[in-house]
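By letter and in written order, the chains are A, B and C; residue numbering begins at 1 in each of them.
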Amino acid sequence: MRFFIKLSKSPIAIVGLFIIIFYLSMAILGIFWTPYDPLEMDYNKVLKPPSLEHFLGTDEFGRDIFSRIMVGSRISILISLSATSIASSLGIFLGVISGFWGGRLDNLLMRVVDVLFSFPPLLLAMFIMAILGERTYNVIIAIGIVYTPQFARLVRASILSIKNLDFVQSAFAIGGSKLHILFRHILPNILVPIIVQASLCLSLAILLESALSFLGLGIQPPYPSWGNMLSSARRFMLIAPWTAIFPGLAIVFLVLGFNLFGDGLRDLLDPRLRNIR
Amino acid sequence: MRRFLLISFIILFVILSFSSSQIKTGGTLTIGVDQEVVGLDPNIVTAFSSFRRIDLLYNRLVKYDSNLNIVPDLAASWKILDNLTYIFYLRKGVKFHNGRELTAEDVKYTLERILDPKTASPGRSFIEPISSIEIIDKYTVKIKLSTPLASLLSGLASNNCAIVPKEEVEKYGNLQRNVVGTGPFKLAEWVPDNYMRLVRNPDYFEKGLPYLNEVIYRVIPEQTSLLAGLKAGTLDMATINDGSVILQAKKDPSLIVIQKPGINVRTFGFNTTRKPFNDIRVRQAIALAIDREEIVATAEFGMAMPTSPIPASVKKWAKSYKLLPFSRPNIKKAKDLLVEAGYPDGFSFKIVCSPTYEGGIAVAQVIQNQLKKIGLKPELEVLEWGMYIDRWRKRDFDSMVELRGGDPDPDRFLYRILHSKGAVNNFLFKDEEVDKLLEEGRKLTKYEERKPIYDKLQYLISEKAPVIFLYVPYETQVLKPYVKGFKQVGNGSLYYLANTWLER
Amino acid sequence: MKKYILKRLLSIIPVLLGVSILVFFLVRLIPGSAIELFLGTQVEATPEQMEELKRIFGEDKPIPILYLEWLSRILKGDFGYSLRTSRPVLPDILNRLPLSLELTFFSLFLSIIIGIPLGILSSLKQNPIINILIRIVGLLGLSLPQFWLATLFVILFSSIEGFIPMGNFVPFSKNPLMNIKMLFLPSLAIGLGLGAVVMRFTRNNILEVLQMDYIKTAKAKGLSQRVVLFKHALRNALLPIVTVLGFNAGYLLGGAIVIEEVFALPGMGRLALYAIFQRDYPLLQGIVLVISFLFVLINLLTDLLYAFIDPRIRYE
């Protein structure tokens, strides 16, 4: 509750929250109802421009673009949330092992992280997708793995920076168990940067998913994802620009929502962290 | 007869030279294509993109002309002594790009190279019954077969059977990146994924040809970019296969679109050993739910021709699909068949496809929609091209949308696909009657004797429906108006670029 | 300093070794081998033909042994031959490098000339409503997917000749003007998003620096806002941007995949994309190694540059 009161002080976060809620409700509504069946083809209505009937137009199979964007929002949000959960939990786990226990394992893990870091994210994600195959849950895994190193590095660095602070050292001195110290003293104190990083990851995940689908390695037709809608629209973009414009706008605004929310959150939680990114 | 031909040729020539277009030599033609080659050794490669370069770099013994008739290429003429013996008389004075004259030795070497399993040549299955190749003199070769093969000439017309020089193969191991052919053009420069520059072969055996000084292939994977390249004037010509893009090109008055039904066939096939596709009634029900016209209209924007089991473009052999059983939509009968087969509520299964043009994702989506109408629940399994091929090779699919390379000869097309021992019978289809007819069809060399056999086969294959032959896509070239003399063959070949000139 | 450089240079080695192992084994985990792709769906090969093809493709030994052989050849500078084009891998990769370097350079350039002035401007305004607007614009910049921007550019500019390189990309050496014209839109598609990053960074840093004691002293001395900003604050505020740009430059060299794909540019990213699709093992291994090498190298150079221009930093 206190959190929300605090939140209300940041207009940016509120705008972001509204956008996210709008998309969420569209996604949930899309489970039960869409104006048209997003998979139903209509050969008499191929590539029709926006009209009262289909207010974002139709695609190359005469399918309603608005309905497909609604369903696409569900897929995007699902992937964004799950991939971020995977990346953050895996990253925290590795970061804790590395930063808290240290030693040889730390060295090894950080080299692995260095290696993963030296791949451009999209290239790494493409690799993983090519190996796992184009399924929705594989997209989640791939994006999760790609963003794990960032969490791992962040957690490790944060732990190292507070490990030697007095309150932690004294906890050791009293003879507290390692696990106890970890959960009681360390994790709560590094939560803020993790949350900030997670909010960033949410938006990056959407962008990465759409780029993957755009290249044909993400969500596969006939299921709509904003990325694969854009990908097939590329062939028609000159004669039917609406097929390319609206799915793109859908991506832009959801990512903007996450970014606004994350930015506002950052201000509230820790003003020193404004510089991330 | 000879004289008549000569006279008509002269008349034709006179007409041609008096008509508005005067042949101009020289100049560079830039053609846009959407795929880079996968190697250039004619005996080894399998990719369409490679064949389209080999068209201009090498020659075969015989070739298909623009009406899909077999005509001389390196062989000036040939004789068929009996079903088992062929004699080829080679042109004299044909030179490889390295300057050496082509002789019967090279023909023997090349065919033996193709037949050697170690070469791993796809051409081997086209000419496998060859038992001996005998050099009669420097320009005469005798080929003997162990069993009759009606499609031998058709096989020899394949780019996979282009003639290569022995010494160069031995020097390089293979000719994947070193081109030494006899063709009208020579390889000059190659920047992969960007362009390949061919220059005129001054020693080409057809006097006066080619007209062009240079042909540049530009690789532009995006179909819309190909069109943009034409509009911007950076391309003189482009091979385009996306219907929506061709539609846009047709609307542009500054471009000329030439189309011809091609020879490749879009198919929708089943793994006939998997349940429930091992039940003929299930396959028939599906065949009855398929509406070819609708598929062509939607997935190909009308730029294709519905077909029977023999490519509809091969008019000599192909029957109209409308005359064949289980080839026109009949929802009620389809549902009845499903009930009979024990699936009154339908069943769910997977359709394997891929986002590339060959992988037919658009076709799969339309089929999925059509099959829903008879209560089936098909799921698309869209695979990246490499995985798609993996599944194809392992026969790991319920059903699959494909683009099959066709052939003007029905034996070469159907035997490989549907004989129980066929090289690419991925449907694992096994039917004694079909086997028997396919074997008979390849033993005879006379058209009149073969025709009834293939008529019957088309009927049988439609009825047993191991695979549904959907349509032949149009082969499309988009040209600038000043590109003259180019003709389409029907199998995608570009060898008429040797006869092409630029009028500007 | 020398010792530091040496240490950093040495630290590149394990990373590259890790990359090479990872790539070598990962590419062979992708279903569908290069041989299968080569054969395609039109022909069938007998088992003995398959064995022969494996030998031709150099895949006829256990993977660890293949790896060691490959590694020893790489150390001699031999990157092997592409399975698809049969051409040597390294020259074809290096051919792509100039374009990627150019694209990276122009994108960074655009992001700087967009981001820094806007960043400075926005840090001067203290009006809360304008502040929020500026932040929203900045965040909007971050939210634009590059490939969508690129697609929009193609829709908007396709009728104007020369702006969209449609497979007729002209290298800088052949026609510099044409080359820059063609790279403008692709660079802008990357530069806009990156510009937003730079803008936010600039703004935040300036605001932070303005809180510092020495600035307050300068102000107290009676120097004008402008002098304070440009003489004192800006220099210190802009230094960290070097790191951000360096980091992005490293990724852009091999990571501009979608931009190269949409504009049909023959760059490194697209080469990697096709190498994955074609299972072109030697090419993919080569290109990933080159991309990673450039990434670590650029990061090293950025750190050194940073140390050079910021005398406060001393490395041990």
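Everything below uses one rule, namely that contacts are C-beta pairs under 8 Å (C-beta built on N, C-alpha and C of every residue); 3 or more make two chains touch, one makes a residue touch a chain.
Every value quoted in this text rests on a predicted model; they were computed, and no experiment measured them.
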Touch graph across the chains, line, ring, star, complete or other? complete
Tell me, please, which chain's centre (mean of its C-alpha atoms) is farthest from the centre of chain B? A
Could you tell me which pair, B-C or A-B, is linked by more C-beta pairs in contact? B-C
Mean-CA-position distance for chain C and chain A (Å): 21
Report the inter-chain centroid distance for chain A and chain B in whole angstrom, where each centroid is the mean of the CA atoms. 46
Between chain B and chain C, the Cα-mean centres are separated in Å by 41
Quick check: what residues of chain B touch more than one other chain, meaning two or more? 222, 224, 384, 386-387
Please set out, as single numbers or ranges, the residues of chain A touching at least two other chains. 130, 133, 234, 237-238
So which bits of chain C are touching at least two other chains? 30-31, 154, 158, 261-262
Which of the residues in chain B come into contact with chain C in the complex? 32, 36-40, 46-47, 117-120, 122, 125, 174, 176-177, 190-194, 218-222, 224-226, 228-229, 232, 234-235, 358, 384-390, 392-393, 402, 404-405, 423-424
Would you pull the chain B residues touching chain A in the complex into a rising list? 222-224, 242, 244-245, 247-248, 294, 297-298, 355, 361-362, 365-366, 368-369, 380, 382-384, 386-387
Within their complex, chain A touches chain C through residues 11-12, 15, 111-112, 114-115, 118-123, 126-127, 130-131, 133, 203, 207, 210-211, 214-215, 230, 233-234, 237-238, 241, 244-245, 248, 251-253, 255-256, 259-260, 263, 274-275, 277
Interfacial residue positions of chain C with respect to chain B in the complex: 30-33, 36-46, 48-50, 52-53, 56, 82, 84-87, 92, 95, 154, 158, 161-162, 164, 166-169, 261-262, 264, 266, 270-271, 274, 277-279
Contact set on chain C toward chain A in their complex: 14-15, 18-19, 22, 26, 29-31, 132, 135-136, 139-140, 142-148, 151-152, 154-155, 158, 197, 200-201, 204-205, 208, 240, 250-252, 254-255, 257-258, 261-262, 269, 272-273, 276, 288, 291-292, 295-296
